[in-house]
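Quick heads-up: structures coming right below.
In what follows, subunit A forms one complex with subunit B and a second complex with subunit C.
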Partner chain A sequence: MRVINFAHGDMMVWGMYLAWLLATRLGIDPYLGFVGCAAALFVVGLVVQRGLVDRIVDAPHEMQILLMLGVALVLENGALLAFGPEPQRVRSALTLSTFWLGPLFVDVARLVTFAVAVALSLALYLFLFGTDLGRTIRAAADNAYGALVIGADVRRVYAVAFGIGAACVGAAGALVSPFLPFQPSAGLAASVTSFNIVIIGGMGSLLGAFVGGLLVSVAESLGAVFLAPSLKELVSFSLLILILLFRPAGLFGRRAG
Partner chain B sequence: MPALLRLDGVEAGYGDMVAIRGVSLEVARGELIALIGSNGAGKTTTLRAIAGLLPCRGGRIELDGARIDRLRPAEIVARGIAHVPEGRQLFPSMTVLENLELGARTTEARRLRTGTLASVFALFPRLAERQRQLAGSLSGGEQQMCAIGRALMARPRLLMLDEPSLGLAPVVVTSIFDNLARINREGTTVLLVEQNVLRALGLCHRAYVLENGRIALTGPRDRLLADEGVKKAYLGR
Partner chain C sequence: MRWAALAALGVLIALPAVVGSYTLTVLIFVFFYAYLGQAWNIVGGYAGQLSVGHAAFVGIGAYTAAMLSLGAGLTPWLGMFVGGALSAALGAVIGYLGFRFGLRGFYFVLLTVAFAEICRIVALNTEAIGGAQGLYITFTGNPRQFQFPDNRAYYYIALGLMLAATAVVWTIERKRFGIYLTAIREDEDACQALGVDTFKYKMLAMVVSSFLTGVGGTFYAFYLFSLQPNTVFGIPLSVEIVIRPIVGGAGTLGGPILGSFILSPLAELSRFYFARGGWSGAHLIVYGGLLILVVLFLPQGAYPYLRRLLARRA
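Right after this comes the complex of A and B.
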């Protein structure tokens, strides 16, 4: 089963709003609160998979696209209903703390976010490659029928995999909330950026997503500095086209067989 | 003592199409049974129905006297049936070792995993040499060994194989069939689906002949080898 999660960006926005709720209502810093956001989004992912995606696994592939777009719309408008349209930002103890490292001006919040993101990626890698459940998830992604044949509980595996994906994006939302202002409509742009990253890196490759993420963000930042901030997407999508010309399956993707 | 596996009037199919009807067969503990028949006879369908991969629309399937025809594939594996499916269905972008280890799913199989792995490597030394290689990069024969090894990792009571000889060179088929005989001698009951009738009859104790979704003939292998119909239809003489 290859479900493309069009609600990815909206799940991230919900991670941001949950971080905002935790910070404003309970005074929990997003750098701690991200754990709660991840847990909440894990449950959301589990419910979406079990309650919705599971019902259409045998339906034509377009159905999954429609379904996930529907989930995206519900999440976006749910956020609009709950939090209103104005942009929000979460204050963290690390906001505005900076230091000079030689000639480099370092924003501590961004640095910590980066470090936690790397640590989470590493943890995800260790889970997928080093545990029985992680290996079973990879097996089901590699050959779903084969996974059924060996007696894997494929429905449960999908639910956990989807939950983990949602948890990661929930954590990501919380971790960027201290320096990225957000509003309910921010989800679509985030989804598009993540597809860009995943396609550049290669569908289904964890390392590809990691490298793709670095490439896209560095390309966009450089584009913003040397061209104009409004042209940064131009740079990242040109990168996408360029890479697809030479490696149609992405940097680390295998050719669809 | 009931047979290890018993099918009684099993019917299964795809959509409106009935692929097998009224299939009854028995496999006793320790036996090596062949299920033979030509293309489209329903051999794969029968194995998939036993494994729970295809719903059984009529009749019943029992393992050790207990009904299993309403169970999910995972539960059937847990009760001791391992399946080497048509086309092997390995995990091509995972290593040979990972493919094998994935076969051990029950608590019991996991506990004994290291020991079972050693015996699989003893049976197929090639797999030990290639254990770090991706399964998708193995030769056809090695992939078949890997698929059999993966099934054995479940420590099954009943091993079902779907045309393990398909597409392999005769020497490789000989080596795989020798290994099947050894697996059976060491105590695993085997249900072997084959189109290579001569080879299958050379190996099995008894066989069932499937024609157009029905069991047309059954008996000990010597009787089938001598049967005029079998000779004409499957042995080409």
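Right after this comes the complex of A and C.
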């Protein structure tokens, strides 16, 4: 869709805080609460797309980047106002349970998060490639004018796509909240990481995002082991620059924008 | 317009005689950020190459001048040009990679962000320049070391910086160079088709812009007396630099100045208001809201709007 969502990471942080609210106020485990977080963020995404991004579709691309930067600042500092700067962590029943799988020490919470994330990615894939709405989204992303000509309500499709993106990231936030302490300022770093992943993997490619995610995490972990933990981001940024220069479409992307 | 500008300048020169030290401090930041915004304006506004990594140049300028002063005893009055030159070198590298490989729009944004982040991480991990603790400059009050016991000295230096950058931009605007830059922003392909060496002019814009920004780093270091990698190289500083010209009007001479006069006091006010509630840093919510409003309703920025308004009155 080529909407650069600078607020991506901040939406994730909101997903985390919503999970935290659900867990502390209503006692809902984040592994159930993530559905609610996804629904809430879906609405946020819908509103942002319909109310803001939609108004400037014809403006230069730079304006839209700046607009999302504004949304990111509002979301991040809204979280700061609402929840304060202290790092939080959500307690889940699964947080402390672990087991040994042969020689491997497995953390149940992480395993469940991994499984749900894979399931969600698969569901997204099936949605985009198997349903009419999914196909329309891909068509609109590929050629908005063409999609309009064949009768797709492109504005609605965009809004839904944006909402789905926000819902996914909201769910992701809720799912990692049991083992990843978070604070409002984490949003920006998360946005930058997700840009890294998407650019490296290839914009508009689900498989690319998946492989990019793996690649960035493995590269960062290797960097942490072989260089220094504080230098791990250096690896992913260097990787990003190389990809930008030599394969701007990303590993699995079809073309550069 | 010219008379109004001169009158405003006269007021600004006379102002330290009347206002208190708090207002003076606010104004110093207004000028300083207007200066940085003006420097950004050359490449980001006129040439339309959206850089969100200008903090890298501030940081390199600041660290260079501070290290030269602390380690080699070189006066920051010279160190600032060394810092500017190093920043310009980095600007040339980023520009070369970005423009030679044809990165536009969001791809160029990411490239600049990535370079600034790499600078930040390297600074965090280099113990020789203070690592994560940063650098602290001992206050001596020696003007030869760019240190002044009187706040008014900083006031006039910041004002001078802002005027100097504005003069540079004014000159560029008047030359063929400025026209080329605007043409590149409006339609790069057409500009190239007409035989303009767009690569050369974009590079030049980037180098001038990063040089000026690097010089500004010296002021930053010797006004605040402490440097932390996360603040001088961080994305939030880049946002501070970008947002003023955008709100004021990117690619206009008065934009960064007007933007700074709107945003810096506003940031100060909301910081004051939010700080009482214990929410430090939340002033950025005002930036975000303003940025959204400007993009939606005043995409050209406040300065062109104001000019049109004044022209209609007259």
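By definition in this document, the second predicted complex is superposed on the first by the 247 of 257 C-alpha atoms of A that agree within 3 Å, B and C clash if a C-alpha of one lies under 4 Å from a C-alpha of the other, contacts with A are read in each partner's own complex, and residues count from 1 in each chain.
The working rule: a contact is a pair of C-beta atoms (placed from the backbone, for glycine too) under 8 Å apart; a residue touches a chain by one contact, two chains touch by 3 or more.
On a predicted model such as this, the values are computed, not experimentally measured, just so you know.
Subunit A superposed: clash or fit between subunit B and subunit C?
Here subunit B and subunit C can both sit on subunit A without a clash.
Touch test for A:A172: subunit B only (first), subunit C only (second), both, or neither?
Touch status of A:A172: no partner.
First (subunit B), second (subunit C), both or neither: which does A:I56 touch?
Once the two structures are laid over each other on A, A:I56 reaches subunit C alone.
Now for A:L231: first (subunit B), second (subunit C), both, or neither, which partner does it touch?
second
Contacts for A:L188 in the overlay, against subunit B (first) and subunit C (second): which applies, first, second, both or neither?
second
Just to be sure I read the superposition right, which of the two partners does A:A139 touch: subunit B = first, subunit C = second, or both, or neither?
Touch status of A:A139: first partner only.
Just subunit B (first), just subunit C (second), both, or neither: which does A:M16 touch?
Neither partner.
Residues of subunit A touched by subunit B versus by subunit C: which partner has the larger set?
Between subunit B and subunit C, C touches the greater number of residues in subunit A.
By the touch definition at the top of the document, which applies to A:I150: first (subunit B), second (subunit C), both, or neither?
In the superposition, A:I150 touches subunit B alone.
Rounded to the nearest Å, state the minimum C-alpha distance from subunit B to subunit C in the superposed three-chain model.
17
Using the superposition on chain A as set up above, list the residues of subunit A that contact both subunit B and subunit C.
257
Sort out for me which residues of subunit A touch subunit C in the complex.
4, 52, 55-56, 59, 61-67, 69-78, 80-81, 84-85, 185, 188, 192, 195, 199, 228, 230-231, 233-234, 237-238, 240-241, 244-246, 248, 256-257
Can you list the subunit C residues touching subunit A in their complex?
Residue positions touching the partner: 48, 50, 97, 101, 103, 105-107, 109-111, 113-115, 117-118, 121-122, 124-125, 132, 235-236, 239, 242, 246, 274, 278-285, 287-292, 295-296, 299.
Going by the contact rule at the top, pick out the subunit B residues touching subunit A in the complex.
Result: residues 51, 53, 72-74, 76-78, 83, 85, 89-94, 98, 101-103, 105, 110, 150, 154 of subunit B touch subunit A.
What does subunit A use to touch subunit B in their complex?
Going by the criterion above, the answer is residues 132, 135-136, 138-139, 142-143, 145-153, 254, 257.
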